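The structure is given below, and queries will be raised subsequently.
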Amino acid sequence: MHSGYWLISTIVIPLIAAAVLVGVPDDKKDVTRWLSAIVGAVLFAISVYVFFAYETDRGGGYQFYHRTDWLQNVAFLGPHGIALTFGIDGIAAPMVLLTGVVAFGGALISWKIEHHNKDFFILFWVLVAGVFGTFTSLDLFFFFFFYEVAVLPMYLLIAVWGSSSVFETFSRTKEYSAMKLTVMLVAASILIFLGIFAVFHEAGKGTFDLQTLYAYQFDDRFQKIVFPLFVIGCGVLAGLWPFHTWSPDGHVSAPTAVSMLHAGVLMKLGAFGIIRLGIQLLPAGATFWMPGLMILATCNVVYGAFAATAQRDWKYMIGYSSVSHMGLVLMGLATMNVNGVDGAVLQMFAHGVMTATFFAMVGSVYDQTHTRDMRLYSGMVNKMPLFVFFMGVAGLASLGLPGLAGFIAEFNIFVGTFRTYPWAGALGIFAAAMTAVYILRMMAMSFFGPFNEKWADVKEMTYLERGTAVLLLGSMLFMGLYPAPFIDRIQESVRLLPGVS
Amino acid sequence: MSQLNYDYTLFIPEYLLAGLAVLVVALDLYVPQVRKAWLSYIAGVGLLAIAGVSLVWINKETNFAHIVAIDNYTTYFRVFFTVTAAVVCLSSAKLVEDKLRHPGEYYALIILSTIGAIGMAASRELMTAYLSLELLSFSLYILVGFQKFDKKSNEAGIKYLLLGAFASAMFLYGLSLIYGVTGTTYYSQIAESLKAGTSDYTFALLMGLVLILTGLGFKVAAVPFHMWTPDAYEGAPVAITAYLSTTSKAAGFALLLRLFGGAFQGVHDDWSWMIAGIAAATMILGNLVALQQHNIKRLMAYSSIGQVGYMLMGVAGLSHDTASALVLHLTGYMVSNMAIFVVIIAWHNMTGTDEIADFRGMRERAPLLAGVLAGALFSLAGLPLFAGFVTKFILFQSVVDAGYYWLAVIATVTSVVSLYYYLQVMRQAFVEKPSEGEGALSVPVLMNGLAFVLMLGVFYIGLYPQQLFDAIDNATSFIFV
Amino acid sequence: MENVAAGVSLQHYVVLSMILFSIGVYGVLARRNAVLILMSVELMLNAVSINMVAFAVYTAPSLFQGIIFAIFIIAIAAAEVGLALGVILRIFRNRGTANVDEVDSLKW
Amino acid sequence: MGDAWILPALPVAGFVILLLLSPWLPRKGDWIAIALMATAFVLVLALGKDVADAIGQGNFHGTARSWQWFYVPGYMEIRMGTFVDQITLVMLFCVTFVALLVMIYSTGYMHGDRRYGWFYAIVSLFVASMLTLVLADNLLLLYFAWELVGLCSMLLIGYYNDKQSAAEASKKAFITTRVGDVGLLIGILILFTQTHTFNIHHILDMAQAGQINERWLTGAAICMFAGACGKSAQFPLHVWLPDAMEGPTPVSALIHAATMVVAGVYLVARMLPLFQVVDGMPELITTIGLITTIMAALMGLAQRDIKRVVAYSTLNSLGLMFVALGSGAVGAAMLYLFAHAFFKALLFLSCGSVIHATEEQEVDKLGGLWGKLPITAPVFTVGALAMAGLAPISGFWAKDEILVGVKNGEMSQLVLVALLISLPITAMYMMRVTLLTFFGRPKDHHVYEHAHESAPAMTLPLIILAVLALVSGFVVFEGVGKALGFHSGWLGFVYNLGEGPETYSADWAMSISSIVLVVAGLGAGWWFWSGEAKPAERAAAFSPLTYKLFLNRFYIDEVYQLVIDHVVLAAGQVVAVFDRAVVNDTGVNGTGEATDFLGWIGKHQQTGKIPNYALAIVVGVVVIAAVAFGYRG
Amino acid sequence: MTQVFFYIMAATVISGALGVVLVRSVVYAALFLVMSLLGVAGVYLLLSVEFLALVQVLIYSGAVMVLIIFVLMLTRVEDLKQNLDGDQRPLAAVAALALLGAFITVASQTTWPRNVDELTVVPFTSISDALFNRWAVPFEIASGVLLVALVGAVVISMQEEGER
């Protein structure tokens, strides 16, 4: 039995880091950088340990379990009313690993930040703590608590360190995107808020402990009413169509590291929430509503893919491709069968690393050229072959090339989908082909062809960026070539999910 | 009621307050060489000391002639009000020096008003309640108009005064009707006589309740009795705005809880829906209109109206749980709000403005204040790590448990709206750059200290409220006896 | 109801006070001079007192809180007038008017 | 034999080494790649010997070996494994052999290129994935490799990446094949959901046992065939192959002649039992093959670029093979594939040699190079004749096999007729390109002066291939096969595929007619294009429409371009605009503005006048009271 | 007899009140207020609470009125000829009438419990007695209120140096 303090440390360490950074003087920028880099490394190490230490032969239950009572025996709260309950199952384990990887990468990528990098890292670490917390907490209250913690720093992160951009037909100021992102996410979370109230009230157990609530049998009518609250509430964060518009704009305006963390990890919180709150808490509701989710998810996949083909801005393209790929995740969840849900979780990880890679790479160029319009670039491969290489691999991963993370995930999802909704599966595969279209157009447009002398003085990525890229790429290949460790962990827990056939 | 207890020692804290008030005035009059700032320190420290003194009565459940109850509820609010007043006094040192005359009277009035507030929380009898309310109100009428030569301050004063008088007349008429139907002014006896069944005087009872709600609604600024709030807040000296937005509201709620818990809980069905309706209107209007404000004081006024809406939900579904949740939220709101106002006051002292647009570049010019501002605003918006999240969560949950789903829906939606305008303030403070030649400001240590301490308070409530909540839960158990 | 006592029943007083109160309300709403508004408020307070006293003597003579209440109300009313007039004077000094609807610089 | 996994492992090692170290290696490390490839080739021969012996003992049914990849208890177990049988072996031989020659050739052709090391790395990777593809015992691994070869071909087509045309061509190639791959994946998944396995042989058995739902099976078959069409550039997905000529010529030889493009043929051959279960499927395959053949032949008549001509000849051959498969003559198809590998590689490589020598690809600028290129010219001619199918060169035997197969097959004889018609056309344009390149008067003297024979590193492989192209056809004779160590000869070896061994039966009528037709075609070609090629111009002038039609490849690319621009991309634009204008600016911002407006209304209730405020209070009281009286009274 | 007296008093009170809210002159309004307040004092007498009547006459009709009139003089509202009614007068009338309606409903629908229908005379002494024993606390608070009002009135209205 592993100690739950491993999980707690993933939350406490970043928070402590943030607290310490408050004390660091504004002008000691390098102290901040080193501190953050170290914290990132430590978190990465812990997450790796947690991932591999999770024992696959124990039936996929919660491990690293820990509970500290927080607020109890007062007002409507019974014993263990609200408790700091932590623990991960095979679904959360890969997510923890993902967070560790991306957070470390983000910390390294943000080395370049000059303007108040102290503030940036404070918010950044709060964000990371929130993400870890959501993935690991087994208490309804704290699940939501950390969920909101993860949304909270977004506004400032984007509005202060982000970038406004002007396009032919319209323009997006960073303040606008930041505000839209924050308000939409919080607005969505009120649905979860209400759902939680309803669940607690209905169960009448006087506790927010998830396992207790899982044990309680909610009546079907109730489940059917409340389930949509959770799914849409979490779905918005997962970029569920048609509530996705915060995502492309937000990514376009956000600074590199935030885009990485947001597209890479935060959107996963939504899908994870659908599993934890939706499927696990209200299985009957899930089985009733999943066809609906499948339809929306299919919209996501196709819609996102088509929208992406029309984009000329790198980040917009990646943003819409994220919408498309998160659609695949939702698709997998909606199948409600083991292959599909496995695939969904795999895709959460895969998409996390590849989209993080994308944003990291784009950032490394954008910082030098201050434009992301792919038409202005040409033949970049001659100037920065490594950049093109990493970008290319990420692109291939996202179009589901075998041997990279994307394929194994999409493959599982499609197997699952074909078992239940073949039409949706066919559309999904079609959209995956569309991915090839826009990814390759982007490459042909801006990486190959005659070199545009305008960028004669562009430099190859810095060593930190290369490090980050290698880190992310490594995880991509690892999962692509040897998915067994992931699937062993995931499938055990997935099969425990109620209502999953 | 058999043998009445006339133990005057129960009021030692109040005597001390009165004494402190006199002392401050006297110092101001007879020892002119004392630097005026010292008055604020004396008042502040004195108030804190008195807060300490009032702790003596913890768990001594007793009363004075059944008129005033000295129980944990009273004790809690004694501490609450004295501390609030202390913060206001301390934070207004420089403000008073720059902008106001008669500092002695200024602090004295704040202290005296605290007595009124405590009376409202403590009294279990209508007359006492009414008089305490007037004591608080009168002091506030004066304080709001204290900036004699500022037209806005005068205007705020007259508006608050005339409307206040009007509202309290309504309140009184309500009391008279209640007295008429129950024949007594003791909460406990009112509850008794209502038990008998209200069929033959339902209308009088309802009218009475409506009018009482009018009076108290005016005090706590509930729609549609809120109209004075933004104007008074804007006109008043900024420290007094802080005081208005915390103490006078809190006192109003203390009274509401005691009165409706102690006297009218029996006829819950007759009034809970009224309060529910008022609460809904208040939440919606407060948060919507706040979107349009450009003056920080008016913004805070409307945001406070919104908060009142949330708290009224707790009254609507009044039960021990909701009462505890409400007081918890009230406390969290007080701390966060004071934190914000300390920042506003400090900024006002240094830049002489309270337009939101002029907050620009606060991050550069006064980092700590900016940080506190952000934290406190997040807290008001109800985001985690800060007090607001926990208190709102518990309050809303209790409201749902009381069966008011629809109120909870409105509340959550409007709190998203509120996030929007809080973020707008934050945008000025963090995103916008200071204009040319606006360098770093030297913030007085006192202000920084206050802001910091209050921020710690926000974090305490936000991160480990167990003891506080236990205390509150225990305190509120006394309002129903 | 059939009047036993002095030919005047409680109801008479109550209705009287109600009428008086409503008139006061009208005054507050209709008048624009601060002093007149103040006077209207006084009318309302008097209505309250009538109520209180009537109830006290008719229904609850044991503790006659109504009468005590009435005394307090008169005291408070007096204090109110004093204070209000002070404020009104101040306004008049600063603005040269006692008309409340010219005092509307604070709005929106 | 079970250790066939070593074959792909070797080039993979080469790929990794070169990718990481090539800049620091002598000669950018091409020798490593070549050495590994040679080893692989030798191993293939050894493997072939084992298999041959096994067949000799008559107890050979393929050798399989697999490892668990990942496992979802009770839901799926994915195993990765190899399977070796005769078809595999033929493919293995062609791939490794051609790859080896191409690598050697490239030392000369690519000499001094900027990304020399990268070239060898990718070629190694390609070979590795190609070997995996043919060795795979399950559809998943096959798809795996399938995609990888696609990727490599894309990278190699786009090798000269500072040419926009190259970038475009590689994009086109990848996406077009990708369209087919979508079909393939869907097909695989359908089969999986029906059979819960990816193992090819289990699937085939179940299919033949009729355990798979009819409708699903049909769908799966069609989808998978779409995949095959994509890779093997069958109509209507053939458009990418001619453009693929943007790549370096050795690459064209390796990928777009000998190996990758026949992957589709291989797939169909592999899954043929399944296809045959589905009624109508063989007909479909045959039809597609025919259309491709004839269309390619016609288009070949008008092309100007020497490499493109050869490319169209490739389409031509691939079409033939599909026809063969359609009519069930797997052995014939494999034989043609075998021969084709040699002569098509030969053609491409000699093209490369010409281009290398003259830096010119337009036949209109070449001419009269016979003397200048003493080695290249003859070998090219050999290749051309083999392609034309003139006896006794290898092409003839293979082609004849197919004709026989079709004749004996259950296809209608119209197919045969169509094939016979296509023969002279093929011969014609092969004649044409040879004439225009090597004979007649030089059209561009600068080019002519400048031309010179290539280095031995390039000519040597040419000669080897030429020899093979000449003789490889003779393996059809049992004696030759036996001499090569195959029990019951080559055909017995290849044909031992379940559908019973058929020995080579020379259908003399067929052979003679085909020879006649070919000769006629060659003669016509000579008449048209020899000397000043006046008749050709007259022909072009006689029916300019047809000419333009052939020249512009029946405008198929244009149609596709139209579709892509005005359907796919347009749809993308529409969605994007919808997303911005409706979903965001109306849906999201609209909500926000509406809220703001409500606030604006509310704000103006705050008039600042005391009486209004008081009125508000009174109204509030009255309203609440009224409701109260109605509600509770 | 008492009835007659009551109606006279009621008439005085109400007419005075109407005068306060209707007349065109501030001073008259003040005088009407006096009239109305005296009427109220009469009502107190009728209710046999002489003490209260006394207080009413002394404090209201005495001190308060003097104060009011004094302020009226100070603010010289007389010289500036102007309409004393705001523009929302009709609305005011409607609202007031509605309120009155509500009140009348209440009065008509209610039978006051414990209504002994004969007024009990409350002796002077017991009032003072109660006031200083049982109700000492509210009394103290009230004194606090008066103090505050006093201080406030002074602070606010006091003429500062350098003013005019």
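General observations
Going by the order they are written in, the chains are A, B, C, D and E; count residues from 1 in each one.
In this text, a residue touches a chain if its C-beta (ideal position, glycine included) is under 8 Å from a C-beta of that chain, and two chains touch if they have at least 3 such contacts.
None of the values given here were measured: they were computed from a predicted structure.
If each chain is reduced to the average of its C-alpha atoms, the one that sits nearest the average of all protein C-alpha atoms is A. Taking each chain's centre as the mean of its CA atoms, D is the chain most distant from chain B. Of the two chain pairs shown, B-D and D-E, the one joined by more C-beta contacts is B-D.
Distance from chain C peaks, on a Cα-centroid basis, for D. Averaged Cα coordinates give chain B a centre that lies 31 Å from the centre of chain E. Taking the mean of the C-alpha atoms as each chain's centre, chain B and chain C sit 27 Å apart. Here the CA centre of chain A is 42 Å from the CA centre of chain B.
Rounded to a whole number, the gap between the C-alpha centres of chain C and chain D is 98 angstrom. Counting partners per residue, chain E has 86, 88, 91-92, 95-96, 99, 102-103, 105-106, 109, 112-114, 134-135, 138, 142, 145, 149, 152, 156 as the residues that reach two or more other chains.
For chain C, the set of residues touching two or more other chains reads 14, 21, 24-25, 28-32, 37-38, 55, 59-60, 63, 68, 72, 76, 79-80, 83, 87-88, 90, 100-101, 103-108.
Residues of chain D found to touch two or more other chains are 592, 603, 606, 608-612, 614-615, 618-619, 621, 625, 629, 633.
By the definition of touch given earlier, these chain pairs are in contact: A-B, A-D, B-C, B-D, B-E, C-D, C-E, D-E. By the touch criterion stated above, chain D contacts chain A in their complex at residues 69-73, 75-76, 140, 143-145, 147-148, 151, 158, 161-164, 166-168, 170-171, 174-175, 178-179, 181-182, 185-186, 189-190, 192-193, 568-569, 571-577, 579-580, 583-584, 587-588, 592. On the side of chain E, the complex with chain D involves touching residues 86, 88, 91-92, 95-96, 98-99, 102, 105, 109.
Residues 4, 6, 11, 18, 64-65, 67-68, 101-102, 105, 108-109, 112-113, 115-116, 119, 125, 127-128, 131-132, 134-135, 138-139, 141-142, 145-146, 148-149, 157, 177, 180-183, 193, 196, 200-204, 207 of chain B are the ones that touch chain E when the two sit in their complex. Listing the residues of chain A that touch chain B in their complex gives 22, 26, 70-72, 74-76, 116, 119, 126, 141, 144-146, 148-149, 151-152, 155-156, 159-160, 175, 179, 182-183, 186-187, 190, 193-194, 196-198, 200-201. Listed in rising order, the residues of chain E touching chain B in the complex are 102-103, 105-106, 109-114, 133-138, 141-142, 144-145, 147-149, 151-152, 155-156, 160.
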